[in-house]
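The chains carry the letters A, B, C, D and E, assigned in the order they are written, with residues numbered from 1 in each.
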Amino acid sequence: MLLGRVVGTVVSTHKSAKIEGLKFLLLDMIQPATMEGQGKYVVAMDGVGAGTGEIVFYTSGSCGRYTEATLGRPADATIIAIVDTIEIGGKPTYVKNPVIEDAK
Amino acid sequence: MLLGRVVGTVVSTHKSAKIEGLKFLLLDMIQPATMEGQGKYVVAMDGVGAGTGEIVFYTSGSCGRYTEATLGRPADATIIAIVDTIEIGGKPTYVKNPVIEDAK
Amino acid sequence: MLLGRVVGTVVSTHKSAKIEGLKFLLLDMIQPATMEGQGKYVVAMDGVGAGTGEIVFYTSGSCGRYTEATLGRPADATIIAIVDTIEIGGKPTYVKNPVIEDAK
Amino acid sequence: MLLGRVVGTVVSTHKSAKIEGLKFLLLDMIQPATMEGQGKYVVAMDGVGAGTGEIVFYTSGSCGRYTEATLGRPADATIIAIVDTIEIGGKPTYVKNPVIEDAK
Amino acid sequence: MLLGRVVGTVVSTHKSAKIEGLKFLLLDMIQPATMEGQGKYVVAMDGVGAGTGEIVFYTSGSCGRYTEATLGRPADATIIAIVDTIEIGGKPTYVKNPVIEDAK
């Protein structure tokens, strides 16, 4: 699986019936040691409800059809995880901002 | 899925019987932040009736066989969507020219 | 699918029984705007009777097993079309030399 | 299969149910002649209990679903072996540190 | 399929049960016009009994599981042929050293 940052969306009204109802997110691949975007983009089906700015990884090829959201659909890139932390050599290179669920 | 611009066509009379009746379009991969072509070409089966100049995305590998138009056919790249808008960081980098359907 | 020029052959007597009887052609990938070879080679199974010098496109991955010639065989690159014309922006970049079938 | 060094981990709580219970390791691809990391990273499912610093190889694409740990799961990269030795031209370029199982 | 030279071996005792009994060879991809190694390595399952120094081609992706030796095994790269000759533009760029089977 490859790591990317959700940077945008791709909208299409005229498309294969097999991908109706799916959301297409635009990912910029990241280098996990520096977390910098590489300017290498992929359109991925969203299988987990990812949002802009989040770090995710996606599965490609036929594996893209093996998630709940994409079964039997021609998705060659499907986001399967929103990343919380990336650790290299025992040190975090990325920690997702904690969600304050109840700030009262 | 990867984004490309339809730049031309490829015609073949001598071909596998399994791809008879399909249309072969030539795509130039684009960089969605700049919308510039990358001079990296792929021949894609047309699954949605795309035309020259349109921005599309295609699915690759075995997923290319999972559209209505290509079921069971050896299409390793099939166009599955004509793109209306691409948005990066909340700003559109591409908006398809609106089709004036009724200009009376 | 990717475009290539048939530049040669690869011969093997010691090989998997599953590819017995298939012909292995050597392709040099081409850039369709200039028709120049890229020095990037692939060994492809011949599914259409292609000959040296011809421009073809091949299908890759599991799709390579979905032609009449290669069904169930481990062919990850199979030529499925001999190209007649390539057109970019409405202008031909390649036209196959017409075959004079009856020159009497 | 490609060779990599386990350099870290990727943690996700919000993910596809199909990958629940799997461990995601971060690999840096290595050049086996020099054993240097290439700064090219992949997230791989762990099918063999690999640990940080170990040299492994992983299988990609649909093959990633054909291990005991990942059957039917959308894993497009699964570690299938921890490497003991790599030999090029008859000389070892890598030998795993021997594990002293009983140092009494 | 891609061409490579067998340059070494990779040994693993701790591995997926699904690849027990297979031999892992290290290939250096070659440029068939010059026959030079490209320093781009892949670990391939040996499906034909290839030896060090031989030129081979391997099949990748799911095709790697479609040889007698690897059926149902997660081999994303399997050697399916030992090459005798490579010919480009009608001239051999590679001819395997003839094996003197009976030198009496």
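The rule is simple: a residue touches a chain if its C-beta (ideal position, glycine included) is under 8 Å from a C-beta of that chain, and two chains touch if they have at least 3 such contacts.
All figures in this text were calculated on a predicted structure; none of them were measured in a lab.
Visitor: Taking a step as a move to a touching chain, how many steps at least join chain C to chain E?
Guide: Shortest path length, in steps: 1.
Visitor: Rounded to the nearest 5 degrees, what angle rotates chain A onto chain E on CA?
Guide: Here the rotation carrying chain A onto chain E measures out at 145 degrees.
Visitor: Compute the distance, rounded to whole Å, between the mean C-alpha positions of chain A and chain C.
Guide: The answer is 35 Å.
Visitor: Please work out the Cα centroid separation of chain A and chain D, and write it as a whole number of Å.
Guide: Spacing between the chain centres: roughly 22 Å.
Visitor: Residues of chain E touching 2+ other chains?
Guide: Chain E, residues with two or more chain partners: 61-62, 64-65.
Visitor: How would you write out the ring of chains in order, opening with chain C and then chain E?
Guide: C, E, D, A, B
Visitor: Name, in rising order, each residue of chain E that touches chain C in their complex.
Guide: 1-3, 31-33, 47-49, 57, 59-68, 78, 80-90, 93
Visitor: Could you pull out which chain C residues touch chain E in their complex?
Guide: Answer in residue numbers: 7-19, 24, 26, 39, 41-44, 52, 61-62, 64-65, 72-77.
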